[in-house]
Amino acid sequence: MKFISCESSFAAANIVIFGAPYDGTTSNRPGARFAGRAIRAESYGMETYSPYLDKDLSDFKIHDGGDLELPFGDPVPVLDMVCDYTKSVLAAEKIPLMLGGEHLVTLGAFRAVHEKFPQVNIVHFDAHADLRDEYLGQRLSHATVMRRCYDLIGDEGVFQFGIRSGEREEFRWGENHVYTEKFTVKTIPNIIKKLKDKPVYLTIDLDVLDTGVFPATGTPEAGGISFNELLNAIEQVSQLNIVGADICELSPPYDNTGASTALACKVVRELILSLR
Amino acid sequence: MKFISCESSFAAANIVIFGAPYDGTTSNRPGARFAGRAIRAESYGMETYSPYLDKDLSDFKIHDGGDLELPFGDPVPVLDMVCDYTKSVLAAEKIPLMLGGEHLVTLGAFRAVHEKFPQVNIVHFDAHADLRDEYLGQRLSHATVMRRCYDLIGDEGVFQFGIRSGEREEFRWGENHVYTEKFTVKTIPNIIKKLKDKPVYLTIDLDVLDTGVFPATGTPEAGGISFNELLNAIEQVSQLNIVGADICELSPPYDNTGASTALACKVVRELILSLR
Amino acid sequence: MKFISCESSFAAANIVIFGAPYDGTTSNRPGARFAGRAIRAESYGMETYSPYLDKDLSDFKIHDGGDLELPFGDPVPVLDMVCDYTKSVLAAEKIPLMLGGEHLVTLGAFRAVHEKFPQVNIVHFDAHADLRDEYLGQRLSHATVMRRCYDLIGDEGVFQFGIRSGEREEFRWGENHVYTEKFTVKTIPNIIKKLKDKPVYLTIDLDVLDTGVFPATGTPEAGGISFNELLNAIEQVSQLNIVGADICELSPPYDNTGASTALACKVVRELILSLR
Amino acid sequence: MKFISCESSFAAANIVIFGAPYDGTTSNRPGARFAGRAIRAESYGMETYSPYLDKDLSDFKIHDGGDLELPFGDPVPVLDMVCDYTKSVLAAEKIPLMLGGEHLVTLGAFRAVHEKFPQVNIVHFDAHADLRDEYLGQRLSHATVMRRCYDLIGDEGVFQFGIRSGEREEFRWGENHVYTEKFTVKTIPNIIKKLKDKPVYLTIDLDVLDTGVFPATGTPEAGGISFNELLNAIEQVSQLNIVGADICELSPPYDNTGASTALACKVVRELILSLR
Amino acid sequence: MKFISCESSFAAANIVIFGAPYDGTTSNRPGARFAGRAIRAESYGMETYSPYLDKDLSDFKIHDGGDLELPFGDPVPVLDMVCDYTKSVLAAEKIPLMLGGEHLVTLGAFRAVHEKFPQVNIVHFDAHADLRDEYLGQRLSHATVMRRCYDLIGDEGVFQFGIRSGEREEFRWGENHVYTEKFTVKTIPNIIKKLKDKPVYLTIDLDVLDTGVFPATGTPEAGGISFNELLNAIEQVSQLNIVGADICELSPPYDNTGASTALACKVVRELILSLR
Amino acid sequence: MKFISCESSFAAANIVIFGAPYDGTTSNRPGARFAGRAIRAESYGMETYSPYLDKDLSDFKIHDGGDLELPFGDPVPVLDMVCDYTKSVLAAEKIPLMLGGEHLVTLGAFRAVHEKFPQVNIVHFDAHADLRDEYLGQRLSHATVMRRCYDLIGDEGVFQFGIRSGEREEFRWGENHVYTEKFTVKTIPNIIKKLKDKPVYLTIDLDVLDTGVFPATGTPEAGGISFNELLNAIEQVSQLNIVGADICELSPPYDNTGASTALACKVVRELILSLR
């Protein structure tokens, strides 16, 4: 089953969707591994047309590569496989759009993107800073993923929005090394100006959303942004030169009403339609 | 079990509530058939007094006719039975207030209203345009219900608010035949002026609400209006000459927390108190 | 997404699985429309090997034709489409194995089977007799489906097991027209002897199972048979000349634990492996 | 809403059903207050005919008095109100059949029965002995209810079956004062002989059932009896002179699949049909 | 298990958290008894650092006294035990922070606070006025709790915010005896000025929040305030001389997604950090 | 929070309970990490007395060491930490009783046990053979755990019961290297005779139980043994020289009714009481 209307062949497509069903380092509530499967199935309850953008998925060429067949447990081989697949997409001059999975999978995709675009910046929507250097002794974790991305690109490359949870030390460290807008996404226009033309990787941890509209995630954090704010943020960022993107941290086992999965489908649709 | 405080006899009542427990054409998640029953049971967890309107259900004469005993499957006899019951209410000079069921049941009630009030207009709150001419080969569907109502009253009779989902073709067709406010309900005052004194049928598909406050519906669509916006919209529209109304598309099997059903009870209360 | 290991082409296959996602006449709790989709997705949590039969799905050629794209509401076109697809399978000399949907879809498949095999008998596992002549004025209903099948083949063609719910009139009528074992499935060996060599259609309403192991169905009826009893019953019946089969009435929205869907996957696996 | 087919007037009825929606002393998971309401609503998904007994509810005269309007918190006035209503039923020479609520409500009904029938015995199906003298300092509790009944009738009046949970002291005390069959219900025939002709009150705590078929209860205890064993036990006991009965401890908020409520409906049906 | 980072001894602590697991007078959906336990367990999914206040729980001395061992049923001994424990906290010159339980437990804590601080005022966030004089014949009830507190301190001592549900009589009575801001919390600054320096007890019924972000409560009332509005309100009120506080009415059995419990944890964290 | 009645100090205890909250290699539905926490919390809804064994937890000295603080992702450090803790228990001449977690954690405990008791045998209750040599390229997995244990002790050391799922290759390999009773646990007496006096490690994957009574597990497999059969099996095996034990694979996020967790509590109680 493919995401609705993403029936193009790999060769013909401009955008390639794929799933990274891994949640092995999730420290709170696992289940994000099922997100790709759930999003695809529920996408058929959604229209292909966006009244927000007045565009339709059926007008574009998108390939859905399905979920990668990843091992469980140790994240090292997982990230390698995610990286390799992303490289194959980039090598074919297509935009990779990954469906996590927990947030650590971003590192796999970003490594590939960084290899091809060494000047790449990251725009990061999230409730959590994800800037720890290690977590329970592990350097590869959903809680360290942005720090590991930072390791690749250094200061002035990471732009975070909507952050409302983290250790005091993460915030302190972040003040000197990354751009962080706490709680909200109002300063995106400033960043747009700054990043104009540079390659950008966009990573969306869906827990940036308020738990009212998006409870089905590993660590729900009240006080997030609204769906309309997220759509608006995506639309703005899409003016940049997006060379890769992902959405992460939908955890279907906690989506009792189905509304979180349905919302995620719309984010994917709007993200695709914004990219082009 | 009757909706709280709706203990009047049919003869004595000014408003007649009844349920239309049908969800046979629901294309996504069925269950709206259980809405009337759930709303009645949960209404006893709600006060009869509205602090919004400073009115109390106990001051009014309302009859609850219970759920109609409708067949399953083919919608043709269902709509006939809904139409017949609505006629009996109208014939007694009372206002029918129907509890769906899926949105198609509106057509049954509207046929009766249209027969008595040929100049009737429709005010329609919904996430979905419901303007397709057919759906999977069927002309009677929740996805075509507003188009079928349109067939009865023609251009300039349908006023839609909050619409945020539909096919491109529905929106295109709608531009020439109905009034549509996308996403929001801000232009109601303009319509109030236009419709002053004309008979109006008000149909509320509860999925017009944001999925944060109302996830328990057949097709949840993120990005909807708030509960307070809906109450305000109802209050405004109630200045018009409302000759019939309905609320549809609560699907209790997806109301894991009970909050959607409780919300629907309040909408019914506020709608009744606004009508009088 | 196909049922696990059912990757054969239509042409090469001996058995053809397909889904009939219709639950329009379900009078209690709808949702069986989602069964095919849920069974396919969950089948990947199951082994292809059966320690019961010491056989493996990977040894057989099975085609999964996916879910038919059926309309909603009126059952007449639905049954026609189910019948047509079943005919195409039979015309190619393959065994159709349908995943309902509610039990009425059996009628569509059985019409096709009866056309090709006019001497066909039905072996029927169910909690419900399904022998009403009409239900709420409708002759096509999950509650009448066995009566409609009976209409095609007459006395001494329908063999029911596990029946523990019905109107008094259904049981009275059944005494004169069909074979019914109430509550249990102990007399299968007698029927095996009787039907030897004749073509048989096997329909399994999964609510024949005890609600302890299979709660996720439209109308749960306590006091049913165990999973092992069902496997054993299937194995026995498979000695007959099975020319078509179905399993019905898994309702995934009520499968909170996932255990009912997982069980249904195993029934499909064992049924396939028993057929060959 | 009345229990299906219990439409007789109080005056004309032989059996009077009523609900006691109280769960104030429930020490584990509350919610049994909703049982009466849930059982009535779900009863419409069940047939009125019993293939077990070949009897039909429609042949009998049963009145459903609805749920009593009980206060919350302090059990003293609650038990008084339950007792008073039960007296009114007994005074009219009818059999009271109470739908709990938690098990403590049995004491209210039993007081009334004991007043009219001082020689009454209790047959008690339960997972729990309920024989404590006090619980957390309270003498009125679901955990003491059988001890309080014992206080009224003394040694050789309480007959317990299926007991599989309690404090060591309860069991020790019980050895000298009540009849207890642990785990199973096999010795009912012996008790039948002993009690022949004496008035009997039958109280069924539904948690006597295995948690596989009946998980939706305040304190689930694995290892219980099957549904068929319970039906059989009821049928046997109904040969006695039953002057009152109750079923308790369905907790609908924990009935995610609806199967426990559906089972309870059947127990009510079979109990009614066995009484007459 | 203690609330995260509340590992101080009683003697060393400035703030003492304790749970009051009672929901015996809950008239709608019970379950608040489990709130303390659930909040503690989920608190480990939350950071100790607040980016809102730039403070960290680890900087403070907080004792978690666990859940009191309360009886069930009759509220009289329950309130006594809550009162006694609160007195012991106050006697040691610490601030009590109680985790309900239903709202009635506030009366127990407030009695102790009032005894020590006879001039104490109450700031009350809630959806419900809780001002009835009795409810179903009972004077001790979650629906009367503010009236009972009023009985202790009289006119001009109770300040309510966010109220959106109650009987007409409650609102009428309240107009003459308490300060009530309906629906919103905008007038807090006025009250801050008025109460400056006086001792204040803060009681937060979490159902003051919108059901979108906080559905897991006994009586969900749509149209409440947002999480950010609540945080802001707490921060303002904490400028006053808070001598005791509580949060009530989280009902974990209705928290299917876990998001309500996670939100409650954050409210506790922010409340603690605001107090100091 | 400790398991009920397990309040002994480490030094004084004969048995040491501890949790291993890891589910990183779970290939189907994760969540077993929460089992220890859930079992402890729910244990307070259970009596300390066993009417099965006529013993009481309060008579024994048991220490609950809580959940180990394990990292996520890579299983290597996890198994080391589990092994180290188990060694500390064994070094103090106590019996370790581990609460998983997924089944892989057994390897950590078994390594410690094997070091101290090189002649140790394993008695293994499970639905799954867990005998693969690798799974998706990983040698450390819940699907390979028994193979890894086998690697330590070789032929004639592993005794499996209740197995009903696995690859054909696992069963084939097992025929030559381990003892396997498929589906049932009837041959335990034979093994008891064989193992008399030898040290035995008992590992219970709770999915050996039927999904009717135990749905809340990572991979539900219909057709398992009953609760009473499991108790009986434990009682028999406890005649042997048990030097360590574990129960695994309760997954609380799937325990919607709470009945699976309650059952697991009883298994822990009975296991403890059988050990001594």
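Observations
Letters A, B, C, D, E and F mark the chains as written, and numbering starts fresh at 1 in each.
The criterion applied here is as follows: contacts are C-beta pairs under 8 Å (C-beta built on N, C-alpha and C of every residue); 3 or more make two chains touch, one makes a residue touch a chain.
Keep in mind it's a predicted model, so treat the numbers as computed, not measured.
Common neighbours of chain A and chain B, by the contact definition above: C, E.
Taking each chain's centre as the mean of its CA atoms, B is the chain most distant from chain F.
Comparing each option in D-E, A-E or A-F with A-B by residue number, the pair that reproduces over half of the contacts is A-E. We define each chain's centre as the mean of its Cα atoms; on that basis chain B and chain D are separated by 42 Å. If you average the CA atoms of chain C and of chain F, the two centres end up 38 Å from each other. Shared interface positions of chain D, defined as residues touching 2 or more other chains, are 29, 210, 212-213, 254, 256. Two chains count as a pair here when they touch; such pairs are A-B, A-C, A-E, A-F, B-C, B-D, B-E, C-D, C-F, D-E, D-F, E-F.
Listing the residues of chain F that touch chain A in their complex gives 23-27, 29-31, 33, 69-77, 135-138, 140-141, 253-254.
On chain A, the positions that touch chain E within their shared complex are 28-29, 163-168, 171, 182-183, 210-213, 215-216, 219-223, 254-256. Put simply, chain F touches chain D in their complex at residues 45-49, 51-52, 54, 56, 210, 212-213, 227-228, 231, 256-259, 262-263, 266.
Chain D meets chain B in the complex at residues 1, 37, 41.
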